[in-house]
């Protein structure tokens, strides 16, 4: 049976982050349930509702404003998402863009789309409960920007 | 059957935020239960009590003083509201005004009323468990000030 | 039947905050259970024990030292109190004095007593599960100092 | 039957804080269960295990390093301890030393021992579920340093 | 029966922290279950899943980026791990490297490996529910760097 992924985005976001994520998920063969909430602080409970309703994992798409108070809210949102995961025993992958990451709206938008798409794939892999990610362990993978790669270590 | 919304405000607030919110909710056809608590740290449990008592969603109307300690309390209040949502599996929409948002009391009051009214509508939509908000996803909607709009992105 | 209020104070406090609170509660006709713990971080669980034991609401009387670490502890204490409320579905009103609020010990002490007494009344009203506080909504009420009053808003 | 107290210390600590605490507890007639964990972030769950296993209260003996990240960890540890108390409905008294409290290792060590011993007695009293602490309410008691005393207030 | 340890690492990490940890655990005779998640915020729920699935303890291997937002995420991750421990009543030992600990990638990598290996042993000891760690109590043990040792105290 195909994997079912909940995708939650916000009306606060300045970019449509759900469409690129859903495109990736559908291409991978996942079924998608999409909900929209006002802002990042509403993501956790909506993800929990989708997971309780049968989704195998969720993708939380957040956009964080540029004021200090927005970062405080982002922390509250992420804390809520931590609890939602522990209460459901399922993964919620956060793909969040912070306005302080760039002064250029175009760049922000591109980062948002890249991060949403890459994390959509992560959510899919985690939902399958496979360990396919283990072959990428320690590789310095990044979302919203280029991968940084691994540091070579001489094992003693 | 009509939607039932819990509205909780505070005696600490310098503005009557409940009346404009309740006016919006009644116009939309919702039934309203209104409670008042001393301050923002008392909002979460009162919202939870209303949700446990049958409300479909709640609106938490908070006023945050201008001292640094007030922002710390606001964070505690919002954390409590995150838990209250996860424990009830229902939405609590926060409409909160921070005194640091403006030096002008009149402006603060207007922001408070605008935010309360707009978020009252959000609470109503979420309570109906419809996905009407999805058509507003990624549009940069704001409460207490003008909407900022979406950034156009070229999809690759 | 009369309302039962749990009152918890600390040995860390430099002022007897329980006596003025208990005096107010008794005058209102409430039954009081009084416990003392070492410091503010011990308040949440003691309040929860009293609420589990049948109290209708609790009053947490805290004194916060003047060092930065004390403010960190105060935050932990308040977070614990948020959870205690949500786990019991009852109100715990916090009446807390921070040494950084004044350099004058006498003034601190007076604020502590005023805050404890006013919040004792709040705890009593909330415990009765009445909505008597709604007539004071949005009035800018303060504890430990003078009320600041409401800002007049022209309703659109 | 005698009171049973769980004592948890760390391998991270630079001082043996358990021995002076256990000496106090044994002199008071308590039975003691002693466990050692790597660092402060491991204290909460170990205390919870001891409390679930029948201890009446626990004493968490923590040593916090001098770097900013250590203070962040201390906050996480204390938050965990808050939850552990609320989940067990029992007291966990924290006796924690922060390296930023003094540049002198000897002084730090003495504070650690004094704090551990004094809080061991607090844990014992709380475990008996007596309210013996109420006669010390508001007296400005301190651990790891001298008591500061109460501020005299004229009751209105 | 042999002890079963869950090991969770990330694709974000720039170093393979799992291999040195698993080598230590296997040498000690433990059975290992290894999972990889995208980043540190995904560690808590994956550890909880492994513990719910029968592991006796877990080792969370985290790599924290060098930007301030990364430290905020690290705090969220650690808070989640606190809850995961309390919900399972089992130990999760965190071995986390912060990029701010060194400007030299080689040094970071070596610290990561040392910390992972030492904490793997800690997780093993805690999983056996023995108190073997008590003989190392108060010795100033460190992971990722040299032990700092204990401060000698004259017992009064």
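Residue numbering begins at 1 within each chain, and the chains themselves are lettered A, B, C, D and E in the order written.
FYI, a contact is a pair of C-beta atoms (placed from the backbone, for glycine too) under 8 Å apart; a residue touches a chain by one contact, two chains touch by 3 or more.
As the structure is a prediction and not an experimental result, all values here were calculated from the model.
*Asks:* What is the touch distance from chain A to chain E, in steps?
*Replies:* The fewest touching-chain steps linking chain A to chain E number 1.
*Asks:* How many hops, at fewest, get you from chain A to chain D via touching chains?
*Replies:* 2
*Asks:* Mind checking the centre-to-centre distance between chain A and chain B? Centres are C-alpha means, answer in whole Å.
*Replies:* 25
*Asks:* Which whole number of Å gives the spacing of the CA centres of chain B and chain E?
*Replies:* Centres of chain B and chain E (C-alpha means) sit 40 Å apart.
*Asks:* Quick check on chain E: which residues sit in contact with 2+ other chains?
*Replies:* Within chain E, residues 75, 79, 83 contact more than one other chain.
*Asks:* Building nodes from the protein chains and edges from chain pairs that touch, which of line, ring, star, complete or other describes the result?
*Replies:* It is a ring, because the chains touch in a row that closes back on itself.
*Asks:* So if I start at chain C and go to chain D next, what's the full loop of chains?
*Replies:* Here the ring order, chain C leading and chain D following, is C, D, E, A, B.
*Asks:* Okay, in this complex, where on chain A does chain E touch?
*Replies:* Residues 71, 74-75, 78-79, 81-83, 85-86, 89-91, 93-94, 98, 100, 119, 122, 126, 131, 133-134, 136-143, 148-153, 155-156 of chain A touch chain E in their complex.
*Asks:* Sort out for me which residues of chain D touch chain E in the complex.
*Replies:* So the residues of chain D in touch with chain E come to 9-20, 34-38, 41-42, 44-46, 48-49, 52, 63, 69, 72-73, 75-77, 79-80, 83-84, 87, 105-106, 108-110, 112-113.
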